[in-house]
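Got some structures for you, see below.
Two complexes come next, and they have one chain in common, chain A, joined by chain B in the first and chain C in the second.
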Partner chain A sequence: MTIRALEKISVGQNGIGSFILQCKRLDIHYCDHSGSSRGMNAFIKTHLSKFAQKNPAIEFAVSPRPRKHPVMIGHYINGRQKSICVANMEPSQILKKAELLRDASGDKVKRVNKPVTSINESVRGIWSPYHGNGMAV
Partner chain B sequence: MSNYTMKRLRLDRVASQLLAAPTSPAARLSRPSRISRSIPQTCRHSSLYNTQPCQRRHQSTAAPQAPREEELVLEPEDGEPIPETLRSGPLPSPHPSRAASSAKLAALHARLSLSSKIPVETLARALVDPSADAHPKYNNANLAYVGSTVLHYHASETLIARYPRLPMAILFTAMKGYAGNPALHQVARAWGVESAAAPGEEVDPGLLQFDPMKPTVVMNKWGYVRAETIESQKFKSGKGLSGRVMYSSNPFGESSAAKALPNFEVDDGRNTKTMLLQNAPANAHANFVRAVIGAVHMHCGRDAAKSFVKSHFLSRTFDLSKLFEFDLPTRELARLCARENFEAPVARLESETGRLSRTPVFVVGIYSGRDKLGEAPGPDLDSARVAASINALKAWYLYSPGQVSVPSDTFAEDAAPWKPAYVDIGEIIS
Partner chain C sequence: MSRSLLRSLFELRAPSTSRPAAQFKLPARSLSTTPLRRNSPTTTESTTAAAQNATAPSSIPTNPTEAASLVTESRSQTPQAAEALYPRIPQQVNPPTSESQATIAQLLPLLRTQPAHYLTAHIWGRPYLVTAGDQIRLPFKMPGVVPGDVLRLDRASTLGSRDFTLKGSPYVDERLFECRATVLGTETEPMRIKIKTKRRQRRNKQVRSKHHFTILRISEVNINGPEAVGL
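Moving on to the complex of A and B:
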């Protein structure tokens, strides 16, 4: 038996084969009395049910937070959270923020300065100085 | 090599009770005996199970007639003592009727894009590990068994059809990389499954429930296990590769099954040997994933299960060439060439630089006659030759005919007849 096997685990990449929405829960906090929650209260009354219907993969938890600014907190599969204070915003602006939280991956915001990020080997291979005709110096 | 692709799996035998509607609360609370045919009137209210989900399940092709409620209620549990009185303590896992009102469960159902044919109650059941609830009608052991057979079948047929020359050791490890506990644990975590701190009646049905200190079920049965397996375990034989092929009871070539519990023996009455797993959370997560596959198979049919397995498991990136470790690659290559009637392999120096420097590079190619089998650079002549023969061997063993059809493609109604796939005679044994 000259071949031994090294144990490895297959690597999943979201979106290859199947896609799992990374936002799993959205906490929505509001206050009944404060003026900063006026937009949030309108959002809950008018937009939220439609938004929740369109995104069944997210668990929505609406709860009051008296005498505090309204906040939306997204919980992600990677274990991180992302929270946005939506004080004094219009319902349409809050909807934008909710969509932002829904579409986020939960990772820290990183600068992406490479056009392609891949774990696959390059198709062309790495250039080798030992092959081909060489270069006259 | 393909000793386990063609084993016939009697899923209908294993899983017919999964499609029968789970019992009403009466059965759960009282477990009446065969003698007492009267059902307490208070417990007979119709639960959620007795209304819609049974009807929906009939859409599945494999679904048998759902038994009537009375039959279900009066069915005695196999061989366990049946108490006559109502159970007074709390249930070990949440009641199935709470599944419909769990936001977490509905979100998980939608996140996995499961078909509406799969009721949330089934998904809730898939989340209950045998260590949380030993009752086989309320835990996921049976579903997980169905799911594991479906998963192993598709993984093995894909691997063997796509890489017909894989050595057995690599095939076992590749199966484990796709369908083993560690991989399935990662899948479950990528699905966003949270686990409850402790199992109990009051926890949200959308949380994975298991108890690391209680006996559970390990899905390592595969088809049948030879009677000699237990003997060979006793005498520590069958540890070599051919012994693993013969005696291993799971698709990963491990024979720990003989030491482990016989399947499904988790009833609190019967389980005397306590088995504590090394990694109970990984086992519980993996069993949940298998149970979801089982649920897809039972409620949506074979094709849906196949595409589910393909999209969630077989599409994962796995570089098989990283699994190989060779003892004597040059000798193995020579044997291979002799077996295949190729000319004996010859190593030739193709290019070099800095032979007298601190960092020389030699590029060595391995030739058989006029055919180049492999090539590799190295810091000295010998290691370059060894690396080149490793590359040549990997090129042989990882040969792939490309996207080929697999046996399960012929299950479709209007499928073309099966053309036998090419499977190599096997690796070099020396």
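Moving on to the complex of A and C:
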């Protein structure tokens, strides 16, 4: 008697039943001295606490990185990460980048031409020339 | 007709009436992306068997300002802002003819009993043929929504099952179905670089563009019976 795997009945898809945000952690790096971090330091002081309150699903890690440009790194459920250098940006621009990292799925960006992707079977079936009443030519 | 009726009776595997409802329904807030300027659309539906509907609904307006639809409840961070962005526009329904009333009363229950359903939902004037569980990549970034928001799509031009199709002209009555979509997030595409050249000039110009797209997941498609419109 061989052991058979259980047949998969359903495939989990995000957004059906429950929704899970794909971004799980956001690393925020800044420097105290260099001028390129001026906007980032202002962002941390003014915008970050509000943004973190609005997004309780994301873990925010703020850490200094001396003598380097400020960077935000988003970590995603699929294991990938996405990093954005925010040197010399205004706090409002940095907020936009943070929203971009939050909204991203973490997948590699690729061109998609079809608007709808589906794993369901075709509802109306596949047309066959051998069934039905036929067509008079 | 009799063949399709028979098949619909055989296919009573998963009647939609016994399907469990969604686990949690958020309180319905009325929002819609339909702008105020609309021609009065005639909303008479006609149910036809699948074999008969060779003609496509021809009167669907292609202007996005007329044919937009959507959005109801959400747990958006700023509901007031979302409501201002997407004010709820009720659908203008012309009274259906007695013939279409009769076909809805007779054939819509059969459509409901067939297991799988599809609908052609219109979002900002574009049609998307979807079933429950599909993912839509909108060709734009929808303003005012955050991941996790639930939108109610309330404009559809067709509802259908395997053998039956309900066509609206241009839209099906919004009380006949419930379609909800969850906002999954925003995706983008690789940078496009278009090289612009001019004749007899040595310079080339690179034009860069990168678009952002909102991703939706159809979380729910329910079709209501004819009693929803009082038949």
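Just so it is clear, the second predicted complex is superposed on the first by the 125 of 137 C-alpha atoms of A that agree within 3 Å, B and C clash if a C-alpha of one lies under 4 Å from a C-alpha of the other, contacts with A are read in each partner's own complex, and residues count from 1 in each chain.
As a convention for this text, a contact is a pair of C-beta atoms (placed from the backbone, for glycine too) under 8 Å apart; a residue touches a chain by one contact, two chains touch by 3 or more.
Just so we're clear, the structure is a prediction, and the values are computed from it rather than from any experiment.
Student: I'd like to know which partner A:Ile77 touches here: chain B for first, chain C for second, both or neither.
Tutor: first
Student: Given the touch rule stated above, what does A:Ile119 touch, chain B (first), chain C (second), both, or neither?
Tutor: It touches chain B and chain C both.
Student: Between chain B and chain C, whom does A:Lys24 touch in the aligned arrangement: first, second, both, or neither?
Tutor: first
Student: Once the shared chain is lined up, is A:Leu6 touching chain B (first), chain C (second), both, or neither of them?
Tutor: first
Student: Could you say whether A:Arg111 touches chain B, chain C, both of them, or neither, answering first, second, both or neither?
Tutor: second
Student: Return first, second, both or neither, reflecting whether A:Glu59 touches chain B, chain C, both chains, or no partner chain.
Tutor: First partner only, chain B.
Student: First (chain B), second (chain C), both or neither: which does A:Gly15 touch?
Tutor: Once the two structures are laid over each other on A, A:Gly15 reaches chain C alone.
Student: Touching chain B and also chain C: which chain A residues?
Tutor: Common to the two interfaces on chain A: residues 13-14, 16-17, 21-22, 119-120.
Student: Which of the residues in chain A come into contact with chain C in the complex?
Tutor: For this pair, the touching residues of chain A are 13-17, 19, 21-22, 54, 100, 102-105, 107, 109-112, 115-121, 123-125, 132.
Student: Which residues, counting only chain C, touch chain A once they are in their complex?
Tutor: Interface residues on chain C, with respect to chain A: 23, 50-51, 77, 116-118, 126, 128-139, 146-148, 160-162, 182, 184-190, 215, 217, 219.
Student: State the interface residues of chain B toward chain A in the complex, per the touch definition above.
Tutor: Where chain B meets chain A, its residues are 103-104, 106-107, 109-113, 167, 169-170, 172-173, 176-178, 180, 182-183, 186-187, 189-192, 240-241, 310-319, 322-329, 331-332, 350-353, 361, 363, 377, 427-430.
Student: Which of the residues in chain A come into contact with chain B in the complex?
Tutor: Counting only chain A, the residues touching chain B are 1-14, 16-18, 20-22, 24-25, 56-61, 77, 119-120, 128-131.
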